[in-house]
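After the structure tokens below, expect a handful of questions from me.
Letters are used for the chains, namely A, B, C and D, taken in the order the chains are written, and counting of residues starts over at 1 for each.
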Amino acid sequence: MGHEYSGDVVEVGKHVTDFGKGDIITGESILWCGKCLPCRHGMLNQCENIELMGLTSDGAFAEYMAVKAKYCWNLTDLLEKFETDKVYNLGTLIEPVGCAYNGIFVSGGGFLPGASAVVYGAGPIGLGAVALLKTAGAGKIIALDIVDERLEIAKKMGADHVFNPDKTPDLGKLITELTNGWGADLQIEATGAARRTIPLIESVYSNRSKVIYLGRADSLATVQLNKMVSGAHSFVGSRGHSGYGIFPNIIRLLHGGRLGSLEEMITSIFPFSGIMSAFETSKKRTDGKVLVKVN
Amino acid sequence: MGHEYSGDVVEVGKHVTDFGKGDIITGESILWCGKCLPCRHGMLNQCENIELMGLTSDGAFAEYMAVKAKYCWNLTDLLEKFETDKVYNLGTLIEPVGCAYNGIFVSGGGFLPGASAVVYGAGPIGLGAVALLKTAGAGKIIALDIVDERLEIAKKMGADHVFNPDKTPDLGKLITELTNGWGADLQIEATGAARRTIPLIESVYSNRSKVIYLGRADSLATVQLNKMVSGAHSFVGSRGHSGYGIFPNIIRLLHGGRLGSLEEMITSIFPFSGIMSAFETSKKRTDGKVLVKVN
Amino acid sequence: MGHEYSGDVVEVGKHVTDFGKGDIITGESILWCGKCLPCRHGMLNQCENIELMGLTSDGAFAEYMAVKAKYCWNLTDLLEKFETDKVYNLGTLIEPVGCAYNGIFVSGGGFLPGASAVVYGAGPIGLGAVALLKTAGAGKIIALDIVDERLEIAKKMGADHVFNPDKTPDLGKLITELTNGWGADLQIEATGAARRTIPLIESVYSNRSKVIYLGRADSLATVQLNKMVSGAHSFVGSRGHSGYGIFPNIIRLLHGGRLGSLEEMITSIFPFSGIMSAFETSKKRTDGKVLVKVN
Amino acid sequence: MGHEYSGDVVEVGKHVTDFGKGDIITGESILWCGKCLPCRHGMLNQCENIELMGLTSDGAFAEYMAVKAKYCWNLTDLLEKFETDKVYNLGTLIEPVGCAYNGIFVSGGGFLPGASAVVYGAGPIGLGAVALLKTAGAGKIIALDIVDERLEIAKKMGADHVFNPDKTPDLGKLITELTNGWGADLQIEATGAARRTIPLIESVYSNRSKVIYLGRADSLATVQLNKMVSGAHSFVGSRGHSGYGIFPNIIRLLHGGRLGSLEEMITSIFPFSGIMSAFETSKKRTDGKVLVKVN
């Protein structure tokens, strides 16, 4: 929280041409330098001088903030399709959805439409993954989370099947059946609870399948490399949301009505005065996305 | 016509395991040998000993036909989702949709969700392209045809905008505006009328954009190579629908309800006795897909 | 051993056109069916009905053997460039080199010329990886093995630096220095000793780097997923050598003199009568490739 | 000329960390802004505010020049391997070789080692393509030019066969034979004489082959789209050399001795006082690369 944001432009520098006063914008929270070796390779999310808005740099819990134009994206066109409030709300979701987009389509190279996919974890990034998989033509989407409320949101995002691993015996066998014995072509890990998810991931591989790893693991995880070799599977790590046309593509998807249900991910909106409650709510990890409305 | 088909299995060879008597199947119409050099490279659509069902080999205008199991795909699971008649109908559409799938996702390497796309020609392959672009997350889909009836079908397949080039002045400018000045990331040519389409294609390139060429051109076409160099654009030819998981992926998309409107492409169904009328109708080129029902 | 082979054709079936009596051939040892679901997807190395020559099917330790033509590749053109004996020898190396080729270029998607690479293990597959990396433009190749004799062969295959991890302190730091602090873009694991190699692999990642995993690990390995996420690294498993033009491409590399030093990998050639000694030699794991000459 | 350069650093700004006084550097001649929409997509060579050094911006025909650090690359490490003069010379070649690198490996997605390639035109970019194809494992390289002197240089760069189209009848047939009837997997057009080269290109396609178009065509060219469709061939345009790790990768190839013969491309070096003669020489188009030594 505090690194996704949207708001009105009140003033721009003289060289800024992409937007002006009165526009609604959102921004990347990965502040890349554009000059270091990774940046010059186009690897903005691996910038050597990276600053993370809301973590190592000032965040968006403020009435006014100054952001470099190169991190900002104009949302004003979305007013053609949505009410103003919805534009603000959708704007804050581009960052977490962008992390999923980066993982699936950029780092992971995408998938063939019709692919079967499993998403582990229905927090904001996992929910973003579900929404994107639906939008981009996954043939079957299975979402897992240990919080039932989040599974309900996953359904709204487009999941065909949702399961709570705490309440579902033989989940591997079930997924195998749901995919006609072929297994999952694509699996997206957005929990970080690797010790629990990886054995399940490994039990439902299809052939030459892909695992996109987005979760922040708190420990070492054990992986069965032999299985990866036999089936020619791959594990792809990914972080961030900058570069590669990620933000403008998500804005275009929103504009085209392809991600219209994304707003369902927002489960609470707090006033600025209630920011501490927002943190408390977020820490429970039963919500989707929790927002704070500054004014 | 006569190379796309679906029907009931009445008898199988003793080594066939993927389906049996009573199943509904469809089949590839590219009869690849599996032994020549291109086939061993996995390039089934470029098989050196290729036979084309309905062209160089017997087609499906017959009460019974014999097909090798390796060309067949089981549709029986679709009965879980659709009426029997609809399964037969959808089954016949997998071939033309498969040609579009091959062009866009296999030969062409796909696109990033959110991309803007233009489809030239709304015959069965062009309509298949529109449906797939919608399913796979194109942000904006513009379809063009000189037959208004076909444009109506394109809308049902998911096109955001349809235009008749005979009736629309300044089409290049219009497409540029509809894409906010960025241009089209992806263009699919499914007319073969290259002398007419290519100048328009070249006027709406975005940057590093892709043209998928599926149409059967009857003549040489002139291309502005300088534009291709400056913008780093590419032209990708493609034919066929075999291999690469194309058929099973489309079946999975249908099963998942991702291509449910595909049946709208079928504009006429003739009885076997009316086969000559079916040919006449097809030759008018105002229909979508014309089917013949053998019994 | 016993699954790589080369030899003279003494008789062919009547439909065989790619070679005839008197030709020298080699063959794939992965006997794929061509009809199962993975095969129809082009995933021959994941064939559901796979037979492995020399393991589940008869191998090449025989005076005569029968092989289906679709597994065979003609080596006769190599006689334009090499002595007959060398052609037989090189022919037996295409299989292990093909496994490395499949891992690096097919499963792994290749690398940009100039990339820095580390190869773990200098057995036949690891040596094949070194040779291919040199041929395909890796900018710096570092090979590791705990057997000094094998490191000597790695040098002949094109390694720029070779190290014995048992004798080299601070190997991670050394590799980092040799790559100017950037790290390795590509790492190929061909030992299977994952518990030892993975910590080193993880200490020399560059950004968005790739690990090709070919080794047969006898146990679970622990992986730091957090590092994979931050750096957007990927692990790619791979097995086999069939399909994708692998065999013909290696034959063309040999014909063009691009892999001329490959024969240096062969460290012992035994007569058929000495086959048991060949096995003993091979088990010592100090050799490169051990061959048995049937007649 | 005048947009490729190398030289000594005499002074750096206070934020510059990648090199300092006394270092030898070269630089990109595409001056990208880093802020426009294409740049933010990582498409530096399609920058909307592009300036081309030596064309729209001051070039390198000067004793001193000021360049932004983000366009510069440090060559000093090459002194470990080469004499000082050779480092200067090689430094000037990274730009044209970089254009070929961008076309083949970035825009074109590379090729499988062993591929057969034809290069049209043996000017600096075409010669760079030949050198890179050799370095990156093309199995057979055929170079064409109408100037015999340039064909001699192409041989030194690694071409297996060179032909002068003005003096070689039946060139298409000859290339087909040299590729055993399979044809060329990859063709690089670096002449711009499209009307002459394209018919030949179209006569030697393999299957699913790729044409990288780098030449600056002065006119429309006619392309047989039907052939592109049947064989699933692609044409890929490309320009520029910035981004994607192109410069550092070529520097690493040079450092590793992988492109050692590149200097053979330089056929004349003029003193600064002879600059007008340098232009005259260059205009004859019989040279490889012509350099001017400022001091």
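Basically, contacts are C-beta pairs under 8 Å (C-beta built on N, C-alpha and C of every residue); 3 or more make two chains touch, one makes a residue touch a chain.
Since the structure is predicted, the reported quantities are computational estimates derived from the model, not experimental observations.
K.L.:
Enumerate, in label order, the chains that touch chain B and chain C alike.
P.N.:
Where chain B and chain C share a partner, that partner set is A, D.
K.L.:
So which one's got more C-beta contacts, C-D or A-C?
P.N.:
Looking at contacts between chains, A-C has the larger number.
K.L.:
With chain centres taken as the means of their Cα atoms, state the distance from chain A to chain C in Å.
P.N.:
38
K.L.:
I'd like to verify one number: the distance from the centre of chain C to the centre of chain D, where each centre is the average of its C-alpha atoms, in whole angstrom.
P.N.:
Between these chains, centre-to-centre, one finds 32 Å.
K.L.:
Mind pulling the residue numbers of chain C that touch at least two other chains?
P.N.:
In chain C, 37, 41, 244-245, 248 touch at least two other chains.
K.L.:
Which word fits how the chains touch one another: line, ring, star, complete or other?
P.N.:
If you draw each chain as a dot and join those that touch, every dot ends up joined to every other.
K.L.:
Give the list of chain A residues in touch with chain C in this complex.
P.N.:
Spelled out, the residues of chain A in touch with chain C are 37-38, 41, 43, 45-46, 107, 109, 182, 192, 194, 207-208, 213-217, 220-240.
K.L.:
Report the residues of chain B in contact with chain C in the complex, numbered from low to high.
P.N.:
For this pair, the touching residues of chain B are 18, 34-35, 37, 40-42, 69-70, 243-245, 248.
K.L.:
Under the definition above, what is the set of chain B residues touching chain A in their complex?
P.N.:
77, 101, 105-106, 110, 112-116, 132, 135-140, 160, 180, 244-245, 248-253, 255-256, 258
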